[in-house]
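Next come two complexes, and both contain subunit A; in the first it sits with subunit B, in the second with subunit C.
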Partner chain A sequence: MEHKPSILVYDLGGCEGCPLSILRVYPELKEIADLYTHHLGEIDLDKEYDVAVITGPICINEPEDIDILKKIRSRVRTLIAYGSCASVGGITLFCRGGQEPRPEHRTFQPISAIVNVDYAIPGCPPAPNLFIALVNSLRGGRGYFLQLFASVARAKRLSGFDLLDNIVLTGLCISCGACIISCPTNALQMIDRKPDLIVEKCIRCGTCCVRCPRFTQVLIQKYVLKKEVI
Partner chain B sequence: MAYPIPIDKPLGEYKSVYLARASDESIRRRRIGSGGAVTALLLYMIENNVVDAVVTARRTKGVTGEIVVARSREELLEAAGTKWSVLPFTLKLKEALSDESIKKVAMVGLPCQAQFLWQMKLFPVLETDFSGKIHFIVSLFCIGTFATEAFLSSLHRLYGINPDQVSGIHIVGDTLVIKYDNNEKKIILSEAIPYMQLGCLVCPDYTGIFSDLSAGISEQFPGFTVLISRSNKSEKYLKDAAEKGYIELLKAPVHIAEEIEIKARAKMIRAQKYMTLVL
Partner chain C sequence: MGISTSKLVFELERIGGEAEYLVFIDGKRILDAYFISRAPVRGFERIVRGKNPLFVVEAVMRICGICHSAHGIAAVEALEDALGVSPPANGRLLREILGLLNRVQSHLIHLILITPDIIRKEFLEDILIEEIKLLNSVNDVIARIGGSPTHPPYIVIGGFGKTPSQKILSDQLRNTSNMLNTYRKIMGVLVDEDKQTEKVEILKSKITNIKPLASHLFYGDKYNINLQKIGVVHYNEYRGNDLPDQVSKATSLIALYDNKAVEVGPRARLTIYREYRDNSLWGLQYARMLEIELSLLRIMELLEQIDPSEPSRSGSIVFKRGRGIGVYEAPRGTLIHTVELDSDGRVSNYRIIVPTMFNIPYMESSARNLPASIADTIPRVYDPCIPCATHVVKVR
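Now for the complex of A and B:
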C-alpha cells in the first residue's frame, strides 16, 4: 500500500476503550492515514475504504449489526478486528442472556464468527501506539506482525485458559514470565516456576497468548503455515 | 523479520558477524571459553550513558540463578558467566523498570526472552508496558535449557552427583562438562537432550533473530566471542566501543558464520521434529 490508506473505524459497541485508544493517536495517525469514524463526524458505509477496523463484539441476536458487518466486509479489502472483544471475544463472552441493560442480547462473539477477518489484534484495549504500528505494517504489506495477527484471526478464541491448555499443560512453557507481565488483570501468577491462572480474574483478552514466545510460534505454525503447505 | 526462520538463512537477517573480546584482562579472566565481549560492550554502554541499566541474570548456586538489574561496573561484572536456565523476567523486571530514574535499559537474555521483549516493542498491547524503555536487546546463542529438576535428578540417579555440589556446566564440542567438588563429569550432549524443556526442544531459534545483537562462542576461536550484529544501532555501538578501547573487534572469517549456521540449522530441524509431535 503505497498511498495513504483510507481507514474506516466502526464500533459495534462495548466499553468504547478501543475507539478511544485509536483517537488518542489521531494527531500522528492523520499523517499516515485518512481516518473515518463516528467520533469525527458522519461516516458513509456505502463508500469504499482500503481498510475497515472493527471494535467491539458482535451480538448474534442483533440482525441489524450482522448486516452492517457483512456490508462492511463486502466493501473493503482488509478487515481488522481491533481489541479483545472484536478479535477473540474478550469479557463479553461471559454474557449469558437475560441480563440488564439489554436482556435481549444473549450471545456475543468475536466478529470472525460472522465474517472473514484478515487480522485480529487482541488487547484490552490495545495501547494507542499499537494502531500506528498496525498502519505501518499494513503499508509495508508483510512481516512478522501481520503473520501473527492473521493467525489470531483464524484461532478465533484466545485466553488465559488457552494459554494453560496449549502451553503450560503440554509442557511447552519455558517459564520466561512474558504472560505474567502482560496480564492486565494480574490473573496469572508464577507457581513453581510455571504460570497458573486465577480463573475468576481472566477477562479472556488474549494478551498473554500473543506475548508468549511459544504460543506465537504454535499459532503461526498451526494457522498460517499449514495453509501454505496445503 | 521473517518467521519461520528460512532454512537457507538460519541466522535470520543480519548486518555482519564479528569476533570480539574484552580488552580488559580482568573481564576475560572471569569467563569460561569466551571473550567477555558482551560484558565489555555493556560496560561501555553504562559508562558512556547509552543506557542507565542492564538487565541480566546471575548464577546463584549450581544451575539456578536470579535476575539482576546492574547499574554500575561492579554489579555488571558480578553477573558475567554462561547461564543455564531461563529465568522468569517477571516481577523483578516490572519493579526495576517502573523506577523513574531508569530511562533506557539494555537487556541480555536467551532467544525466547529476546523474542518476547521484541514483541513487546513491536506491538505494545498494554499501556502499562515499559517497552519504550527497552533500548538494546542482546540474545545469547542457546541450544536449549534443561528442565532443572529432571536434569539434576538424572545426574543424581545416573552418576551419583548431588545437585548442591554442582558448581558449573558448560559445553565443549559435543560433550557437556559438569564441574562438581573439584571433579569433572563428561556427558555426551545427545544423552542430555531428553532432559531439556519441551518448550526448548520445539524452539527453532539458535542465535536469537529478534535482537539487536546475538552473541555466542565458536569452537574454532576459543577466547573470542562471536557477535552477530543485526541493527544499525548495534553496528554503531560496537564500533564506538572498539574505538574507545572496551573491546577488540575483528570481522569474522566466513567459516565462522558457516559453523554457526550448521548449529542453527540443526536446532531448526530438531524443532520441526518435536513440533510435529505437539501439533
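Now for the complex of A and C:
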C-alpha cells in the first residue's frame, strides 16, 4: 500500500471512547492517510475504502448491525477491530440483556464472531499511537505489529484470566511488570514478584496480554506461525 | 399532517453515537421532529447485578467514552452513600478536579463536532486542528491526575486512588493556565461574526421557553433536586400514538421532572447558579463555551488546595447491605445513579438516569418552524450522548 490509504472509522454501538481516541491523533494521521469518521462527518458506507476500523462490539441480536458489519467487510481490503469490545469483547461480554427498551439485546461479541478480521488492537481505549504504528506497518507491508495484531484477531478472546493461565501459572512470567502498568482498571498487582489478578476488577479488555513480552510471543507463534506452544 | 408534508431522515453525524433525526416539513419549514437513537442496548444496570462494588465503578465508567468520569463519580457517590463512607478532603477535591477536567474534555469534543456548523469552510481546518491539540492537552492533564485520559482508574470508592505529588500539581496548574489562554484564543475565533456561518444567525433567532434543572454549578448535590419528581417513560408513551414507523427502533427513554420536560446541562446550570439569560439555541452553545472557561478557572483554584502530604482515600471500607444515591452534574447535565446492595455487599439493583433523556423533548420541540436546511444542527446543539441514553431502565 504505497499510496495514502483511505480509512473508514465506524462505531457499532460501543462507548465512543475508541473512535474519539483516533480523532486525537488526527493531526498526525492526516499526513499518512485519508480519514473518514462519523465525528468529522460525511461518511458513506456505499463507497469503497482501503481500510475499515470498527470500534464497539457486535450485538448478535440486532440484524441491522450485522448487515452493516458484513457490508463494510465486503467493501474493504483490510478490516481492523480497534479497542477491546471490537477485538476481544471487553466489558460487553458481561452483557445479559433484559433491559428496556430493547430487552432482546442479550449477547455482544467481538466482531470476529461475524466477519473475518485482519488485525485486532485491544485496549480500553488503545493508545492511539499504536494505531499510527499499525497504519505505518500496513503501508510498509511488514512489521511486528502486523503479526501481533493478526494473532489477536485470531485468538478472539483475551483477558487477565488468560494472562494468569498461560503465563503466570505456567511459570513463563519474567516479572517485568508491563501487565501491571498497562492495566486500565488497576486490576493487576505484583505480589512476591508474580502478577496477581484482582478478579472483580478485570473487565476482560486483553490489554495486559498484548503488553506481556512472553504472551505476545506465544500468540504470534500459535496463531500466525502456527507452531505448537504450551 | 397535510398533503404538502414531506418526511426527511437525517442519519446524524458529528454527534456522540448513532441516531436518526426524523423531520416532517411543510415546504421549507420544520413541522415536527423525532430524535431516534439506534445504538444497541448494552444494559449496564443488568451487567452490574450480583457484582462487587469494585466492578461496578469500572463497568459503569465504560457506559460512555465521553463522560466516563461523570459516570464513575456518580457511581462512587451512590456506593459511598450506601456504605456510609465519606472521603477525606483531598479525595473530594481531586474528584471535583477530575470531573471538571472531564467536563472540559467533553465540551471540547462537542466543539470539534459542531465547529463545521459554526465556522465557514475557509477557516475550518485551522481551528479544528487547534481544538484537537487543546483536547490533547486536556487529555494529558487527565492522565496525570486520574491515571488515564479515558475511563480514569483513580476514581475509587472512599476517595481518590492516588494523591499527585507537589511537582505534578504545580505542573498541571501551569498546564491548565496555558490551556485557558489557548482556549480564549479559540473562543475569540468561534464568536467572530466575520467567520461564522449563516446557521449561527438562525440559531440566534430561535428562542425556546426552557425550564432548567440543575443540582450544582461544578459538582452535584442530591439535596438540590427532588428525586421523587423524576419519571422515566418509553419514547412512544411520551410522544403519543400515531407515530412514524422508525420510532419503533428507538433505543432511548425519556426523563421528565414533575411530568414536564426540563432542560439540563450547561445553560441550565448557568441559568440557575449564574443568572445567565439567553434562551436562544445559540445561547445553549454559548453557555457550553463559557463553561469551559469557568471550569478551567475552578480547576486552578482547586489544584492549589490539595495537600500532597494528606491521604486521598478513606482507610476503612466495609461492604454491606445498603441503599444509596449519587447525583452528579455531568457535562450534559444532571446524572443520577441509585444502588441497592445485598447483605454480602453485592449489587441487587442499579438504576441510572442520564441527561440526554431529559433533553430529547427539547431537541425535538425547538426544531419547529425552523428552516429544514439546518435540521441536523438542532439536535447537535444539544450535544446528545447516545451511548449513555441507551442504557437505562424504566423507573416510575
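One rule holds for everything that comes next: the second predicted complex is superposed on the first by the 223 of 230 C-alpha atoms of A that agree within 3 Å, B and C clash if a C-alpha of one lies under 4 Å from a C-alpha of the other, contacts with A are read in each partner's own complex, and residues count from 1 in each chain.
Following the convention adopted for this analysis, a residue touches a chain if its C-beta (ideal position, glycine included) is under 8 Å from a C-beta of that chain, and two chains touch if they have at least 3 such contacts.
Being a predicted model, the structure only gives us computed values, none of them experimental.
Q: Is A:109 contacted by the first partner subunit B, the second partner subunit C, both or neither?
A: neither
Q: Touch test for A:97: subunit B only (first), subunit C only (second), both, or neither?
A: A:97: touches subunit C, not subunit B.
Q: Looking at the overlay, does A:184 come into contact with subunit B only (first), subunit C only (second), both, or neither?
A: A:184 contacts both subunit B and subunit C.
Q: Looking at the overlay, what does A:122 touch: subunit B (first), subunit C (second), both, or neither?
A: First partner only.
Q: Check whether A:143 is in contact with subunit B, with subunit C, with both or with neither, and answer first, second, both or neither.
A: Only subunit B is touched by A:143; subunit C is not.
Q: Output the subunit A positions appearing in both contact lists, the one against subunit B and the one against subunit C.
A: Common interface on subunit A, subunit B vs subunit C: 184.
Q: Can you name the residues of subunit C that touch subunit A in the complex?
A: The touching residues are 13-14, 16-18, 39-43, 45-47, 51-52, 54-55, 58-59, 62-66, 68, 109, 112-113, 116, 129, 132-133, 135-136, 139, 147-148, 150-151, 153, 161, 234-235, 250-253, 387, 390-394.
Q: In the complex of these two chains, what residues of subunit A are touching subunit B?
A: Those residues of subunit A that touch subunit B are 121-123, 126-130, 133, 143-145, 147-148, 167, 170-178, 180-182, 184, 190, 193, 207, 210-214, 216-218, 220-222, 225.
Q: Under the touch definition given earlier, write down the residues of subunit B that touch subunit A in their complex.
A: Residue positions touching the partner: 1-4, 86-91, 93-94, 112-113, 115-116, 119-120, 122-129, 145, 197-200, 202-204, 275, 278-279.
Q: Sort out for me which residues of subunit A touch subunit C in the complex.
A: The contact residues of subunit A facing subunit C are 11, 13-18, 20-21, 23-24, 26-27, 38-43, 57, 59, 61-62, 65, 90-92, 94-103, 105, 108, 124-125, 184-187, 198, 200-201, 203.
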